[in-house]
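What follows is a pair of complexes built around subunit A, which joins subunit B in one and subunit C in the other.
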Partner chain A sequence: MNQPAPNSVKDYGPLLYPALMLLVFFAIPFGIMIAVSFFQRDPAGFYTVDFVFSNYERFLSAFFGKVLSFSVGLAVLVSLICTVISFPFTYLLTRLKRRTQVFWLVGILSVLSLSEVIIGFSWSSLFSRTAGLTNLLVSLGILDSPTSLYPSFGAVLTAMVYQALPYTILVLYPSLARFDTSYLEAAKTMGASPIRAFMNVMVPVQRNTLIATLIMVFVFALGSYLLPQILGRPQHWTLSVLITDQAIYQSNMPFAAAMAVFLVLISLALIGLTLLIGKEEKVVS
Partner chain B sequence: MNRIGTYLFLGAVALFLLLPLVVVLGVSVNEKQSLTFPPEGFSLAWYGQIFTDAEWRSALFNSLTLASGSAVLSISIALPLSWFLWRWYAPWANIFRLLGIAPFILPPVITALGFLTFWATSGFYGEPWTAIVSHGIFFVTLPLVTTTLGFTSIDKSVVEASSTLGANEFVIFKTVVFPLILPYVISGFAFTFVLSLNEYIVAYMSVGFTMETLPIKIFNALRYGYTPTMAAVSFLFVAVAALIFAVVARFGDLPKLLGNHSGGDVK
Partner chain C sequence: MSGLTLSGIRKEFGTFVAVEKIDLQIPNGSFVCLLGPSGCGKTTLLRMIAGLEQPTNGEILIDGSDITGIPTHKRNLGMVFQSLALFPHLTVAENISYALRIRGASKKDQTARVDELLEMIHLSGYGDRKVSQLSGGQRQRVAIARALALSPKLFLLDEPLSALDAKLRESMQVELRQLQQKLGITTIVVTHDQREAMTMADIVVVMGEGRIRQAAPPVEIYRKPADKFVADFIGATNLLPITRDSGGVAQLNGAKLEGITLDENEGTLSVRPEDIHLLSVGEGTVEGTVAFIRDLGATVETFVDVDGHQVMASCSPRERRPLQVGDKVGVSFDKGASVVLTS
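Showing the complex of A and B:
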């Protein structure tokens, strides 16, 4: 069946309700948020209508610069670690028997859907003095007495890798499942070791997928807002935490909105980049 | 890759993913109100408390209402949209697909703040139903993706045949198209339900001060110290998610839903 163009207004009928819902409840809130970013703060309520740039001017402060560079650095690190683990892992996953694959996928989806609250709670238990990993080290005789491993940067990083790993695997899964293994077979036939074949054939062939994954996971990691609060110290707070904090606890919605707009711009620019890479890939193949 | 190395690597990843869950499970069955691992004694009382304690029960009820309400809402938006984009050639209408996918790709705090400013401006801030609308929109991506996949996998000659036999648009949808995409609709529902159950920030920014969902309740409780009940709720969540995804996998094609179109076994 070819897809005809709609003939009459009546044909557009089914589109009306979804279009209206998305416009009213997504496009308009988004627009209001942008507008609020130019408003003035009202400590007693939400905001007073105005048109000022002062919320954006606050980006120039040293404090904001520190939070921003920390958030970006942390997200880059999470994205790198997750991609380095997930790339070989997902490749191996796609080679497993279908039943085993489904089993893994159910587990990965379950971890992916876990609330940040629960991930934060679980890791803080694992890093705690009473129920944590250090107890294991004590019983093995490596440590003298159990200690608490959080709040610390390492705790934040570990939990964020935990949160982003299932996402990374599922981002890589479609491309790696499509991958034609005859390339690897060819490399092996010519005498390359499996690891060498993987590094010298698989990685270059999947270069664009890898870059796109790195970016997607980076944007995903930028969104983490509870783990730095539960497992870190105030100096480990990210831009997402700061936005929540300003909007809810400091009742400074305009400044929160300005930061959110900024975060949207970074994210959109990066996502746009992955789309460009995707296009290039299509042209090449 | 060599076989033992492969298994070691897969095992290490599995261990990493399971470790926190094992500790949570262990902590949740402690006999006394302490968070020790390995657990001291064995008791399921903390699981009971989710249902007997009025606050936990009301949070559970709120979460279940929110999850089912928003799953229904997001399907009601996604299904006609993906149907329209499949049935008709209207490239400009793809803007709505983009609008549906955007909230899921952007950092969630952005959508959450968008809703906060929207509900505050419209004067509905704090009304319980605003959480359902917020989640319904936030998660619309999931049924949009699954139903779009469902429509593209329909053999169009079947639709043409029923059209030739004189069925009108509505009858075709009801008798031919809908039964074919039903598994995809159900998976979309399941994904939205589970994710809504776990979602914190959007719910918090919409109704955080008037209503407690389970994630909000856990986070609020974290400030007053840890209890085994929190571990019990957390483990219950993992179990529910795993059960629902296992059911989806049992009745649907999970690898295909997640983008593996190679079909069948690979060597």
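Showing the complex of A and C:
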């Protein structure tokens, strides 16, 4: 980092392009959404320009509070499960032979080519009574008769973890592949069992990677709206489902916009909190 | 049998044979250097002693008991890695006390031992620092202290000084040797630097192509190399092809080398540059032409062409003869210091 500090307008030139893109594809749409969230709904048409807080007021109810906390809780759970599964898995993957790694990575990447719709309906067949996994358990003599495993919370969670897992592995892979295994070996020479070395050394050294992964999967899972609808009951619907419902089926753009803005603010706050906690722990340890 | 015994060690990685036919007896309390060019298997051998690799064949014994199958964390050893592998998320003191924490030592005992070790490595008061706040030499010492925290039976170091600059490396070599003598701990160091090995070791184990070529005290390795590989690897040497005459005396390009006998028909004569003397024409055993002179200040190296073979002689500037490139000289060998190598 020996670059001189920029001191003329020209030096900021290279920033122009990313700034423009950010403006066009993020700042302007988000600004419009914020504006719409203060508009008045027009039942006959779309909305009328206004400045009211009624959309936000309506949002501050027990019902939406419950939906919001369910959405956040689900996203946290998905992100934790994905990270806990992927971290050891990805580490072991990086220790394999190059060929085997490529084979696995191609398989994992292929999941990314599936749309949420396909994932949702595939899991709904797998969880169904007629063609589902329980038939397999029956033929193995574990169950007496096949049952339907959906709609249920478990079904929603499973499909969402399935969908987010490839992203988790891809985010973890580069930094775990670069990890210097002599840290673990050093811990072993000092008397740490392999599992203990992993927990004492690998996890703390990779802390920043872990935090970044948790946040990424959290944000990814927070936006999910199709899987809860296909595999869950109405009480398993996330805020994204309600936003879609309001925006598309109820034609209430201002209210949908208010909910979306709120969701963005909540996730930003949670991410900020996570980063803050991460920073403080670093100082303490 | 006391000490570390390696018997019949062989290690294969797939079809590649990393080391083979390793038989070595290391007495307790000795300082051993595994020396060799890169890829000779010395690090693999050290890692097998540490338990980080399993030998394909052979046994490793400590004081007569077999430890070949015992995992690393149950062997009582300390190891310094080439990358040092100091934990970046812990302070200096926490790094050093890691092994004690795993053993469940009390906070008081940990602090006492850390203070003792920090004093030993001349870094008292550095305990609260982050590893990233230390210089290369200080990190080196912390890694050594951390490995010695439990007073292990065996102290293993893998190219420990390779990241340091030349001056610091030399002083650390002396320091490491003094520390080892004070503690009397069996120490095995992997290095490719022969000066380092000569400085520190009681026994130098020269390895080449996965095998032990010679294991002997440093001076013996230098004075009586076992084969061409060792002679060439340790210090500079002249390797001259010799033949045997009817009387069993060695010949170099037809000139009789009186006093040097050869049992086989062909062999190699290894003579260190300092054991070669340049004389006037007619006085030497063989004759040659000066091809190049390199004045290094402390020594003068003269390269002489003897019938197509290059011979290097080194002497101090005071003994230097007024020679110039192209001059004819007589060359004589210190017979007692020359070594005949066959095979």
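Heads up, the rule we're going with is that the second predicted complex is superposed on the first by the 237 of 285 C-alpha atoms of A that agree within 3 Å, B and C clash if a C-alpha of one lies under 4 Å from a C-alpha of the other, contacts with A are read in each partner's own complex, and residues count from 1 in each chain.
As a working rule, contacts are C-beta pairs under 8 Å (C-beta built on N, C-alpha and C of every residue); 3 or more make two chains touch, one makes a residue touch a chain.
These numbers come from a predicted model, not from an experiment.
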Ask   = Now for A:19: first (subunit B), second (subunit C), both, or neither, which partner does it touch?
value = first
Query = Given the touch rule stated above, what does A:189 touch, subunit B (first), subunit C (second), both, or neither?
reply = second
Ask   = More residues of subunit A are touched by which partner: subunit B or subunit C?
value = B
Message = After the superposition on A, what does A:180 contact: first (subunit B), second (subunit C), both or neither?
response = second
Ask   = Of the partners subunit B and subunit C, which touch A:8 in the superposed model: first, second, both, neither?
value = neither
Request  = Examine A:205 and indicate which partner it touches, taking first as subunit B and second as subunit C; both and neither are also allowed.
outcome  = second
Task = For A:145, decide between first (touching subunit B), second (touching subunit C), both and neither.
result = neither
Ask   = Between subunit B and subunit C, which residues of subunit A are contacted by each of them?
value = 194
Query = Across the complex, what residues on subunit A touch subunit B?
reply = 1, 3-6, 11-12, 14-15, 17-19, 21-23, 25-30, 32-33, 36, 46, 85, 88-89, 92-95, 97-98, 101-102, 105-111, 113-126, 128, 130-132, 135, 162, 165-166, 170, 173-174, 177-178, 194-195, 198, 219-220, 222-223, 225-226, 230, 240, 243-244, 247-248, 253, 256-257, 260, 263-264, 267-268, 271
Subunit C - residues contacting subunit A, complex = 50-52, 71-75, 77-79, 81-83, 85, 87-90, 98-99, 102-103, 146-147, 149-150, 156
Request  = Would you pull the subunit A residues touching subunit C in the complex into a rising list?
outcome  = 180, 182-183, 185-194, 196-197, 200-201, 204-205, 207, 285
Inquiry  = Could you list, by residue number, the parts of subunit B that touch subunit A in their complex?
reply    = 1-2, 6, 9-10, 13-14, 16-17, 19-21, 23-24, 26-27, 34-37, 76-78, 80-81, 83-84, 86-90, 93, 96, 99-100, 102-103, 105-118, 120-121, 133-134, 136-137, 140, 156-157, 159-160, 163, 194-195, 198-201, 204-205, 208, 215, 218-219, 222, 226, 230-231, 234, 237-238, 241-242, 245-246, 249, 254-255, 258-262, 264-267
